[in-house]
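One chain, chain A, appears in both complexes that follow, with chain B as partner in the first and chain C in the second.
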Partner chain A sequence: MKTIRQMLLAVLLTALLPPMAFAQLTDASEIVGKANIAAYYAGDDGRSAARMLIMDANGNRQQRQFTLLRQDVEDGGDQRYLVVFSRPADIRGTVFRVEKQVGRDDDRWLYLPALDLVKRIAAGDKRTSFVGSHFFYEDISGRALEEDNHTLIETTDEHYLIESTPKDPDTVEFASFRTWIDRETMLPMRSEYARASGEVYRRMEVTEVETIDGYPTGTEVRMADLDSGGYTITQFRFSEYDIGLPDRIFSERSLRNPPREWLQRN
Partner chain B sequence: MGRRLAEFAMNHPKAVFIGTLLITLLGTALIPLIQIDTDPENMLPADQEDRVRHNAIKEQFNLNDMIVVGVVNDDHPEGVFNPTSLSAVHALSRGIAEIDGVIRQDLLSLSTVDNIEQAGPGTIRFEWMMNTPPQTAAEATAIREATLDLPLFRDTLISGDGEATAIYVPIVAKDQSHRISREIQALIDELEGDNQYHITGLPVAEDTFGVEMFIQMAISAPLAALVIFALMWWFFRSVTLVAAPMLMAFAVVLTTMGALIGMGYTVHIMSSMIPIFLMPIAVVDSVHIISEFADRYRKGRDARETMAEVMEHLFTPMLYTSITSAIGFASLAFTPIPPVQVFGLFVAAGILLAFLLTVIFIPAYTVRLKPERLAALQASGRRAAPDDTGLARGLIGLGGMAVKNAKIVVSVFALGLVIAGYGISQITVNDNPVRWFQSDHRIRVADRVLNEHFAGTYSAYLRLESDVSAAAPADFAEESSAIIEQAEGAGVDIRGPWQQMLREAEQNSDDFNAKLEQLSLAVDDALFMAGDQAYPWWESLLTLIDETRGRLNVFQRPEMLAYIADFQAALADSPEVGKVNTLADLVRTVYRELRSGDESDYRIPESRQAVAQTILSFQGSHRPHDLWRMVTPDYQAANLWLQLSSGDNQDMQAVVDQAEAYVEENPLPQGITMSWGGLNYINVVWQDAMVKGMAQSLAIAWVMVAVMMLLLFRSFVFGLLAMIPLTVSIAFIYGVVGLIGKYYDMPIAVLSSLTLGLSVDFAIHFIERSRENYRRTGSFTKSMQLMFREPARAISRNAIVIAIGFLPLLAAPLVPYNTVGIFLASIMATSAIASIVLLPALMKLIRRWIMPDRSQTTEESA
Partner chain C sequence: MRISHGQWARHLGLAALLALPAMAYAQSDDAAAPADPWGEEAWDEEADWGEDPWATESSGWQLYGFLEGATAARIHNDPAVNEDYTLNELRGQLEAERVLGEQTLRVKGDLWADGVEDGLRGDLREANLSGRLSERIDYEIGRQILTWGTGDLVFLNDLFPKDYVSFFSGRDDEYLKAPVDALKLSFFGDVNLDLVWLPRANPNRFITGERLSYFSAEAGRRVAAPPEIDPDDRDDWLDDSEWAMRLYQTIRGTEYAAYAFHGFDKQPSGLDPVSNRPLFPRLSSLGASIRRPIGAGVGNLEAAYYHGQDSAGTDPNRPNDQWRLLAGFEHEAATDLTLGWQYYLEWTQDHDALIANTPSAQRPFAVDEYRHLLTNRITYQMLRQDLTLTLMTFYSPSDQDYYLRPRAQYRFNDRLIGTLGGNLFGGEDDWTFHTQLEDNSNLYARIRYNF
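Moving on, here comes the complex of A and B:
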């Protein structure tokens, strides 16, 4: 009796549940590839208003507010970014422009309005702080997949757990990092960076996800520095995709004259 | 009283022995709970104002105590800037980062800092200075040039001559620095190459001192005991009898230390010397008893009766000497320095315990000895006491001379006092934990080498703080109301939603800046909902909020940075300051690199916004948090890190004076206050408190002892006379300290109490016995002749026992112990001479009033 009832229940449940969005993946490079697309390449372009709250271990807080414009040249490939700061007021109008180039070093420019100065930031290490927060440049624009070796460690009901080790350990401060990728949305929900001793010293967590224009989007991300006890929370608000950003706004001209019409929400 | 106590003890010797044994065992059992404390910060009470501020500054700017590791290479022409040496530095830095207790993210070394430089026209580069060790000589040279080019690193990370480098290791707590420095040394031992490494820094000096002090406690005090024992044996020739005071001294020391530890006090530099101070004082009274017992005991006589007589005779002077010695030390409780208070009170308690044990333990012990042993003692007493030993003849001659040439003696002492007075005026108050080690100690060597190469391994922090946030909320309320009212005047009502925002912001945060932040977000949101009419008013509110927040960022204002830049330049001009590191350096350096990299652009940007954006550029580096060691995230307080090449308190004091003089000439900007922090500054504060406190406690103790003397002798003149040897001794000792240029530091300071306590002992015995002799003989001359036999010998013996007993301290590798040893000997000599020579000379000059010769007839008729 009992077995029959259980079987019946199982059949019913299977019939009622929607089919899985993705079948179970087993190839690590396929998984990280999809995760990369989900996290950094939603739509052909996008706009988001970001607020950063930077907290140190003593409870001191700093705030950053900026608008992020992005255009994909190719899915999973080159991208263009424009980051325009609005707050604190003393840095209003400061702009970063990034030409992300897969397989090559990115090009980065910085405009400082109070100095009326455009400066190219030399290629090289992208694991430096993004405007004093606990995020690195690389966390904002994505780390090139080919820089690491990726291994699928575990597949749970919810996550793929990937361990990545750098091909050139001298260029990074970590020995390895693990990423928990949501099986349904393919968004990396958590990353933990470890030293050679295995000690985890840095942790990224996506604490809120919203589906916007059909794209699951991490709208609140927290990066913790476990050495110092500080952390940064970034909220992405008013995110929009496929808004038709023109190529011309990702130019040097836009540094001095940010494209106001594209920075405002509709 | 003395007789009754002694008889009681002699009737119950077992109870006395068991009681003594019990308290000693109890004390000894508590000793393993020992907690060593060498933190000079604890010289100040935990709630002391400067100490609280020092800790607040450390927390405010994420400052930690630092171990400094210097790397030098004398063999290579390029110093350490060659591939092999830098590889070792790189490996060492990586290793240090892994040590438990090291604050990894603040570790400063060539391989953990960023280089900021030009990378072609219009291009700036932030990258690790030395992420991987250089492979070629050219790469090593490039690292040297880049480091020398950055003002924040020059003379700090790299020596000015470009040959040495340093690693600054911030640690979580000072009391781990000895362990961490040993782990660093272990890493160094495994490194290859021919670099020389030096480890120093105040925390290492302090913590290492604690470790060595612990060892010294276990060596010096027992060694001193051994020497005292040998000397007493020399005088009395009876191991069994001499064992009594030694056992008692151990009982006193163990019980006192056990009590101190058991009551939860930490063993500080001062309290570690308690055994050394107690040992001689505990023995002194017993020497008097044994000396007199040996004189009086005759074969066939009842030992018990002899002892009772001796005790009856000596009880009062011993009681008074013990109480006065105890007062001398207890007066240290009037100093405002907790470890000195603890030291004074426990030595005082130990002295009283020693007295109690002396009057019960020594009699009980002596009468338990077999008659044969006592007979032997008596024989040796005979042998030691005759008047024709060298010491005896010397004393008789000395006494005769002093009495005969009283005027000259007194004049010589008076002249000595004048010179001493001059010497005292020359005393330099100074201390430096690094100087606690002898000059060939590795810490002293490291200190010398590193401070030759670099700006300085000692840190002081000068904080500038603004009161801008005090008035800001009221100003903001007024200005925002004005906008709301203007809007109403123009027919736009936004009061309701604005007040709602204010309420919400009020609820969510106590901090004004955080409130403003929340308001700005709320108004920002409101702007998107606002109609065309309301829009401009919301916009002006947002502008006001932003402007208010901007105004709060005081240390982003160019004029503030300019003040800091001038101030630091003036401070760095003084010889004591090697270098000052400030926000102004950071902003100027980043600005220079943003502009052109040329020296002409090493300046402060012209607007607050330009400063903010320059700082934002720096925050794109690997170590943005370095900023918060120079300024608080609200930009309302700035920290000037002074690197001093000397840990001397007087040098720190000179810097403080200089800063004050500068501020006098160049007033601080409106609303800015200045305050100090850092270990070196804390040392100055407690030293200041110590000097004032010592003078006060010495004065109090002097008056109390004087009152005791009046009570004891029931005579104003004799009371005053008894105070003269100690006064002269203290004056002479400190006069010599001033004349030879020895710094007045903590051990020197507490010696005043010891002098007070011991000198008065000699004077009491001398005066008491003189008066006794005078009562018997009725003649000053005869009394004095008697005085230079047995009584003078007892005093001299005591002085010699103590002085020689502490000479082993000179062998200790720690300077404060040497100081105490050498000054103890000098004090003993000075006070013995002052008592034996000056007192009789003075008495002779005033003998007509105090000891007039009585004619036989007067005596008979009286």
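Moving on, here comes the complex of A and C:
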């Protein structure tokens, strides 16, 4: 009798307690590995419409709108991207193609429609503005995990707090950054980049999360430059995962003639 | 399309430079109107992502365009040209696009009031239908812009027409490529093939002397219109058709391509000895290129053999055959600072025969057997890419001449872009490629309002 009561109590407690999708993790590299998969490798492929609102310190506004196609060659590894711009008018028709290669430089191409020109882009500093926004190229495609040392410095009810320091400090503008990773979704919800003095000068925040096709997805992300006061908000809409993108669309053909059948929202 | 002659157009470019920013700022106030799906009010609303030409099935015509005021002042007095500007214009471009399933219909035209040539001018830049014929075949038919090859402002296997008059006089880079009337078929497989048929020859928009002066070997000095260079046109449909082909594939990050062209020289480089009229000699070319990452940069090699109508080199009125070779390397030297380097060679075959058969008075002006050209491009981006500073330098150690293209481009907002720059030529001998343009050296200002 006593045993049955205990069992019932256990079941009730389990049902009433907040769901814990993951057991508590204690290994920093396992946590950043899972966060990397959650943020950049949801599904085997995906499509999303994105738009950016870029506000500079003086209140001047610019916007960008593009559709993003992504295919994972390997989870946590190489990826293919096609970014097709639709706004503003002078950037419309520009297409950006990336073969992201872990462990070596990405291959990148840019198509400029007015000249019908396919330009190959030299590997460069990935911590520079992505299409004029406050996001860096690396914020969009992900920073390689092995470039930093990661330490778990706190585990709260909601977050793992990870501090990362660069292995090669000369290649980056930050001395360290801290990331708050949601324990349930494993999505990085906030990152703060600090100088050697500890002063935080750059902050990324996920302000909206939706579960799409079973994958928790940051659908609104804000990147702030705390020095100037400027910021960029990126919204993702019409996202879909596991749509079966064929390999062949990640090619020069798609630069000149973007694959409408795969770009179309459903 | 001239509507008048006179002074009225002369100050158009300048007037536009002043008026366009005012228009743009007025417009940005309007942007708050909720009717604009791309406006401020709309930002938070789910429904207001608007029609995206890529992501949604669009209905009807999509319209885009810009207004641009541009002026380019000569920095030298050109004794051959009675004109202080190489460019002075107010230009509008309108583009209409309609998606019909897998096909796209596109029309793009420019209209401008020209203060240098005094009149209203027009240019149809695109009028084409393009799309997918099958899983493995794309097509584009009609007036279009075509580009291929690996050079940066140096073209070997790209024998589609260039508009050097626009390029040298201060217009935007996009005008370097002149449109062609063509049918392009693209086949995709283990090796990809582009096949282009141009039913009549498409020459360069070359320097005729009307806007820019040039060196005349006949006159032995720099000249300008009148008279304009008026070559015997290759404009008979079918009889004067041209073919261009490219085979290409990318294998593990390395881009391989082979090219062929059969048509006519893009410049009126020949002369009819009877009528004494310039002409476009036959030209066929074969070539290849490779482009791949090297170290932290991108390297490219390209070669082409130009076969004309004077293989023995004995006809002074036709250009000799040539090898053309290009080696390039581009890398990011520092954050936001990109450097590009190119070495380019034009190797004229049977050069001895060319000299022996050139009239002695014109011998000093004949091309060297080896024309070497070095280029450097410095690009620096600032203010989150709102400001781009560029300097492109062409220097020929064999011709002892140079061409500098400095440029500063500022993005005020999504609609308004301002550009300041120059086209600066100079060198030792009046008759070399760049020195002959010395008196056309100019500094320009452009302001463009996109809509």
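The definition used in the following text is that the second predicted complex is superposed on the first by the 249 of 266 C-alpha atoms of A that agree within 3 Å, B and C clash if a C-alpha of one lies under 4 Å from a C-alpha of the other, contacts with A are read in each partner's own complex, and residues count from 1 in each chain.
Here is the rule we go by: a contact is a pair of C-beta atoms (placed from the backbone, for glycine too) under 8 Å apart; a residue touches a chain by one contact, two chains touch by 3 or more.
Predicted, not measured: the structure shown is a model, and the values here were computed from it.
Considering only touches as defined above, state whether A:99 meets chain B (first), chain C (second), both or neither.
In the superposition, A:99 contacts chain C only.
Mind working out whether A:110 is in touch with chain B, chain C, both or neither, as first, second, both or neither?
Touch partner of A:110: chain B, not chain C.
In the overlay, answer first, second, both or neither for which of chain B and chain C A:260 touches.
A:260: touches chain C, not chain B.
Name the contact category of A:149: first (chain B only), second (chain C only), both, or neither.
In the superposed model, A:149 contacts neither chain B nor chain C.
A:197 contacts which: chain B (first), chain C (second), both, neither?
A:197 sits against chain B, while chain C stays out of touch.
See if chain A has more residues touched by chain B or by chain C, and give me that chain.
C
Which holds for A:26: it touches chain B only (first), chain C only (second), both, or neither?
So A:26 meets neither chain B nor chain C here.
Tell me which partner A:170 touches in the superposition: chain B (first), chain C (second), both or neither.
First partner only, chain B.
Just chain B (first), just chain C (second), both, or neither: which does A:84 touch?
The answer is second: A:84 touches chain C but not chain B.
So in the superposed three-chain picture, is A:67 touching just chain B, just chain C, both, or none of them (first/second/both/neither)?
second
Identify the overlap between the chain B-contacting and the chain C-contacting residues of chain A.
51, 56, 60-63, 65, 87-90, 92, 114-115, 117-118, 120-122, 124-125, 127-129, 131-132, 230, 265
Considering the complex alone, what residue numbers of chain A touch chain C?
Counting only chain A, the residues touching chain C are 49, 51, 53-54, 56, 60-63, 65, 67, 84, 86-90, 92, 99, 105, 107, 114-118, 120-125, 127-129, 131-134, 230, 237-238, 248, 251-253, 256-258, 260-261, 263-265.
Would you mind writing out the residues of chain B in touch with chain A in their complex?
Its residues touching chain A are 59-60, 62, 98, 104-105, 114, 119-120, 122-128, 131-132, 514, 517, 520-521, 524, 528, 546-547, 549-550, 553, 556, 591, 594-595, 605, 607-614, 616-617, 619-622, 624-625, 627-628, 632-634.
Taking the complex as given, what residues does chain A use to touch chain B?
51, 56, 58, 60-63, 65, 87-92, 94, 110, 112-115, 117-122, 124-125, 127-132, 137, 170-171, 197, 225, 227-228, 230, 265
So in the complex, the part of chain C that touches chain A is made up of which residues?
38, 40, 43, 46, 49, 52-57, 64-66, 99, 102, 130-132, 138, 144-148, 173-174, 176-177, 186, 188, 192, 248, 250, 253, 255, 291, 293, 296-298, 300, 330-332, 335-336, 338, 381, 384-386, 411-415, 417, 448, 450-451
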